[in-house]
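After this come two complexes, each holding chain A, first together with chain B and then together with chain C.
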Partner chain A sequence: MSLFWIAIRQLAEIEEQMATSKKVITREEWEKRLNDIKIRKEDMNKLVMNFLVTEGYVEAAEKFRIESGAEPDIDLATITDRMAVKRAVQCGNVEDAIEKVNDLNPEILDTNPQLFFHLQQQRLIELIRNGKVEEALEFAQEELAPRGEENQSFLEELERTVSLLAFEDVSNCPVGELLDISQRLKTANEVNAAILTSQSHEKDPKLPSLLKMLIWAQNQLDEKAAYPRINDLSNATLEDPAV
Partner chain B sequence: MPSATVNSRRPIELLSRLASDEPEVKVRALREVKNQIIGNRTKKLSFLKLGAVPAVAGILADSADDVMDSNCDNNNVNNILVQSATVLGSFACGFDAGVQAVLDAGAFLNLLRLLSNSNEKVVDAGARALRMIYQSKLAPKYDFLQRKNMEFLISLLNSENENVSGLGASIITHSCKTSLEQKALFDAGILRKLDSLLEGGSLSQRDASLESIAAIFKNNPEVISKFAGPEIGRPLSSVIDLVKDRYPRTRLLACMCLIVIRNTSPHFLQDLGIKTTLIHILLELLDDPGQVGYEAPFAFSSLIAQREDIQKLALEANAIDKLHHHLQKGPLHPRHYEGILLALADMCSKLESCRSKFLSLQVLNLVTDALTDNSADVRTAACICLKSVTRSIKVAALGAICNVVVDFTTRKSIFIQCGGIKQLVELAKSMESAVRSNALWALKNFVFLADNRLKEDVFSELTASMLSSLICDPEPCVQEQALALVRNLVDGYINSIEFVFAEDGLILGAIGRQLQSSSKAEIGIQGMYALCNVASGNEFHKEAVMHQLFPQTGDKNQSYMIKFLLSNDSQLRTATVWTIVNLTCPSSPGASGRLEKLRNAGIVSQLKNMVNDSCVDVKLRVRTVLGQSMGFGDN
Partner chain C sequence: MNSSNSNNGESNNGKSSSFDSLNQDLGLYFLELARLGSSKAPTDMEEDEEEAPKELNTINSSGGFLVVAPDKLSVKYPTINLHGHDVGVIQADKPVPVKRLLYYFEIYVKNAGAKGQIAIGFTNEGFKMRRQPGWEVNSCGYHGDDGFLYHGQGKGDAFGPTYTAGDTVGGGINYASQEFFFTKNGALVGTVSGEKEMKSRLFPTIAVHSQNEEVHVNFGQKKFAFDLKEYEAQERLKQQMTIEKIALPPNISYGLVRSYLLHYGYEDTLKSFDLASKSTIPPIYIAQENGFDEQDIVYALNQRKILRQLIRNGKIDAAISKLRDWYPQLVQDDKSATCFLLHCQKFIELVRVGALEEAVKYGRIELAKFFELTNFEYLVQDCVALLAYVRPQESSVGYLLEESQRDLVADTVNAMILSTNPNMKDMQGCLQSYLERLLRQLTACCLERRSANGDQGEAFHLHRVLNSGGNLKC
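And then the complex of A and B:
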């Protein structure tokens, strides 16, 4: 039985247990109850498809659709475009990413000043990372300064970013974390979310929420009973209750 | 890459490449312009100034014609159409100057033509651009009453293409104004169509529908009742559900739609639950970053305006605390600032409990800061807010106002513009003495070191007769403030002294009478300083003061001056001696005559007893007088 099934059944069982007031539940009892819970395959497939689509695994989604019959809720072609944008940012090719987003939907950057600012900010960071100081200065003046003028709330971040130019050893300065890969990922996720929203798709997959719900529910039930818990989400094994 | 590429991307360079005959060069240039202007208001402005919009509109026009020509390479033509329409759409996006330029360049009709193109991407680009135009007030008015137009609109709404149906909704939101138009749209079945978009449409379709529905319902109870029918439930329930949607903008638009319905037909949505939900959702939306957060307070205002019951609910939901919290988080976007201030004004417009809450949280300081903001809208909103709060007769409010008006000239003139003086003068007529006294206190601060024009404004509003009767007010605290006000009025510029002589010296006489009869030191102090300031003027002024100090009718020869000089209160002694200093100032011709009078009244000998007064000020000024008197050959 897949880990997924186990986790979902666990969750359903806990919710049932909350209603009663048993103190200790043995593994035998627990597993018996788990087996009684019915989960539909179609629902599982939808969750998997939702995960693959939101995270952008196009080929996997395509294959899964063929093998399971589950239909994605958005056009898989748009996933490819979206992933191309995300990858471009992750590789530091921000200009390329901007062009792609504008081809996909010109309204996104026109109506999202914060996102646009972060993309411009990333461009500056990349120029600095590549040692192109003069170009960076020119860019900061021509492209970033106006953002600060247009919107005061950007000023603080703007100053932080521009201050990178003041340091000889950029990797060891107070704002050095801007040069981290994590900054690229942050920007990439922001763009990804904006594209998903513009396509009326939720930007977060459902699966993580489900697992979070499981953890929370277990914590709640802990106060009332001792029962077999799933402590390791990656293998979803039931661990015996403490006696 | 270095300069070569950078230069070829400069706006002027790009514009010249737009004019190229080669389609590929044109397309590349269009894409470059597009990528430079999207999201970048500054670039849009600079391209605009270089005449980019007519250039691109021209390309659109030519290519739209080319579509008809079967010899043309469709691919290239379509590319050009898509890129040029997208560029124009971006110029029009949230940028009125851009919208105007696009309309002036005659691009509107060509964009419309794109809607019937066979290529989906071309249709998309055209519809988007038109939608951007219709989000601006500058868009051309759509005439719904013509059948052809209504049919076209219906075809737009029925389209599978999101951008096209969204355009239909935008047109309604923009152009539907009169009840005739609203009825026409209703009769054409548009509302049902919009409602179906609410249920089954995409995010942008739902948002667009909410706005359109609100436009059709606004101020039209007939349409609302027809649509909602006896079973209020169904169509409205879709809107009600959307109030709790996951997307903030949808929630805001749903709230706004319900508010329109409620304000038009108050008997709908009476449910307490709905009112509370609306309040909570809107207060929550205040936190949203960006446009939604900026517009939320305006929606909140429209919910609570003139409605005491809802204001009360909002107070219980801690609305004032939340609004206050936002004011504290500076710096604020001007639109956000304006909205919050107006929301506070509406909250405090009727209920005393709200005003008390406002004052107890010390929000007043933050609001008065807004009086000097760069944005005129913010300043106006701050004044409206202050006006709303000061409707209270609570003394505390006035006390706070007093501290406001001591300040700089800019704040003072704004205060006047908002009718602040008129209001304070009104309050000075109040039945409650505490209110009168505080109003005068505020006015006193207002004229402190003010320029003559400001003083004249205050004086003409107050009038001499009102001021003199306030000086003789039954309550000592009011008398004191009135005298202090006069003191500040006549201080400074010599012309200001004339105020006390208005209407046959009404005020001067009142001062004299009050000093005569009062036993309180505070009144003596203010009155004496007022006379002191008058005595700093010319001969005429000094003689007039003498007349007050030594009234002709006197069986009691002893002037109250002696009483004051003998007072335990050092301030009173100081004020009195200063007055004598001014009266006996040697540079004035009548000084010796006045000194004689003072001596005859026993004042000079009293002063001699005070050469070692415990108060330094008194001591020094006494010696000044005695020194001055020596100059007249005495002692």
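And then the complex of A and C:
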């Protein structure tokens, strides 16, 4: 009797597989395909160099050029300047950052009103963080309010920021996140991206996009086939297809 | 080091298809890579080979129901139509090419004739050539008289505006979204799902059905009214944006770059990288997955760096000497792929500086013995061929003189040293970094997905992605 039920179950499984009609690719077959693919060493080096350069690892990029022969796609000298600006914002020295950006290229802030507003907003946040209430209010009224009048979303942001002053315990208030370091990092990334764009370079490294594409491609392929997946990107191990 | 050169004749293409056996000569992997890098390797420019429609097909058209101009790019409906089975239909001479993101063509309505019953669309091979495209299964058509879209049956759906004399109407296929799209006078009219129809081989099709209708077709020999390039860019962007939304584990890129540097022995870069990461804001913490992995690759980092430097600078003798000191087992068997690659490189370096007599002497001593062995033959032949040219770098074997060849030898030595690590479990760890494995998986998935879609759409080429300035396509 139990053999009968085993057979029934197997038939049901086969029928289910046929209904979903998913192709099954064995590990052996998949590994053979992987080996047939040609990946050039120079292309991988280029990918790594692109990462180092976009993320601002100047010395590492310089050493990598010597050790691997890969050529950076930006002038390494410009990276140091860009990193100085980014770091200044990350440390809360916004005035310094603005000065540096203008030294680098005055057009960047001129052509980027949103970036400029966010930098000024960060300045305001730092003043509030340091308890300089009077200075903060003066700054908000003189520098930021005029921008707010030109642009509704700037005005809303300005009001949010100023509301920090209304709270004794800023860590618990609804706009407390503005004081978080993540806000500084957001602004820092924005200015980093603007500088890269002004240098006609892409603002994001290619590697993360390729990794996202891998996740996407696997998800897409899941609909059509059962095959060995890589689920943990950090160690790139193949997992046998679930059949 | 056990070498399995006796299996040379039998192994499939000399490629190690499985990395499990510790006895396999790892060097053969790189030997095969070198062959792929030579000019004899097939290129992957398949998209250029696919033929595209250029003109109308006068052989299988509706015969007496329409008149085709001698240039095969325009048609007229000469008589009075009587019923639904005397449509003047004509297809293009070639089917729609599939190995790309989009395909598109246009018609210009010169004369709408008595009833303006013109259509543009796509039909399959063997379509009933007396019916409007869209009126039968496996076809689709945008009709000018009612502005309806027909796909697969006599009843259509409201789709867009009607069109008549003086209008330029276009029809296209989007393989990424598996849709048909139509345009009128440079503006997109709409899209419709074409998954069912796209399973067949489709032909661009036009049709006329009332007296004096005249239509001209444009397969790309003239500029289109519709900005196809812009549309293509927009569609790519859409796909890119979907992909960008995907979340990645934190610091994954950082970790992969780091393990890449470790794997290949780029010690100085790694040191700078680690130093810089300590002072980033916020500091990057790499979770030690298992200290085991890390230790394996830190193994012999300094030695691997030194050897890579020597080889990249062409100092092969010094490299071999150091290998004899540090890892005698790797250079013990003179017939191993590693030794072979080193000898070839020495030969190449001698040719590079013009010491041809010395090169010949060296070749006789060290390379001659490889002539009969299957896996090694091509490389020996190519190396020796260098001697035949006054300017070898411009010849078909000039690739041997490039930096990439030195780098390949350095990678071989690197892998061999990694393989001496007693903790190394499987050989794949010596041959491919995690980054490389991920890139291979990406390529394989894209290829399989495209194959499952009947080979439609663009193929993924890492090389093109890296050099395209950011437009990632899959």
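As a working rule, the second predicted complex is superposed on the first by the 217 of 243 C-alpha atoms of A that agree within 3 Å, B and C clash if a C-alpha of one lies under 4 Å from a C-alpha of the other, contacts with A are read in each partner's own complex, and residues count from 1 in each chain.
One rule holds in what follows: a residue touches a chain if its C-beta (ideal position, glycine included) is under 8 Å from a C-beta of that chain, and two chains touch if they have at least 3 such contacts.
The model shown is predicted, which means the values in this text are computed figures rather than measured ones.
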Task: Partner chain in contact with A:D75 - chain B first, chain C second, else both or neither - done: neither
Open item on the list: Just checking: does A:E99 make contact with chain B only, chain C only, both, or neither of them? Give me first, second, both or neither.
Closed with: first
- [ ] Would you check which partner chain A:N112 touches, where first means chain B only, second means chain C only, and both and neither mean what they say?
- [x] first
Open item on the list: Which partner chains sit in contact with A:S209 here, chain B, chain C, both or neither? Use first/second/both/neither.
Closed with: second
- [ ] Count the residues of chain A touched by chain B and by chain C, then name the partner with the higher count.
- [x] C
- [ ] Would you sort A:E177 into first (chain B), second (chain C), both or neither based on which partner it touches?
- [x] neither
Open item on the list: For A:E149, using the defined touch cut-off, is the partner it touches chain B, chain C, both, or neither? Pick first, second, both or neither.
Closed with: first
Open item on the list: Which partner chains sit in contact with A:T197 here, chain B, chain C, both or neither? Use first/second/both/neither.
Closed with: first
Open item on the list: Just checking: does A:K32 make contact with chain B only, chain C only, both, or neither of them? Give me first, second, both or neither.
Closed with: second
Open item on the list: Does any part of chain A touch chain B in one structure and chain C in the other, and if so which residues?
Closed with: 202
- [ ] Within their complex, state which residues of chain B touch chain A.
- [x] 2, 6, 31, 34-35, 38-43, 86, 89-90, 93-94, 128, 202-204, 246-247, 289-290, 331, 333
- [ ] Using the touch definition up top, name the residues of chain A that touch chain B in the complex.
- [x] 98-99, 102, 106-107, 109-114, 116, 135, 138, 143, 146, 149-153, 197, 200, 202
Task: Touching residues (chain side chain C, partner chain A) in the complex - done: 15, 17-18, 36-37, 41, 44, 240, 242-244, 246, 248-249, 252-253, 255-257, 260-261, 264, 266-269, 271-273, 275-276, 281-282, 289, 293, 305, 308-309, 312, 403-404, 407-408, 411, 433-449, 452, 462-463, 465-466, 469-470, 472, 474
Open item on the list: Using the touch definition from the top, list the residues of chain A that touch chain C in their complex.
Closed with: 23, 25, 30-35, 37-44, 46-48, 50-52, 57, 59-60, 62-64, 66-69, 87, 90-91, 181, 185, 202, 205-218, 220-221, 224-225, 227, 230, 233-236, 238
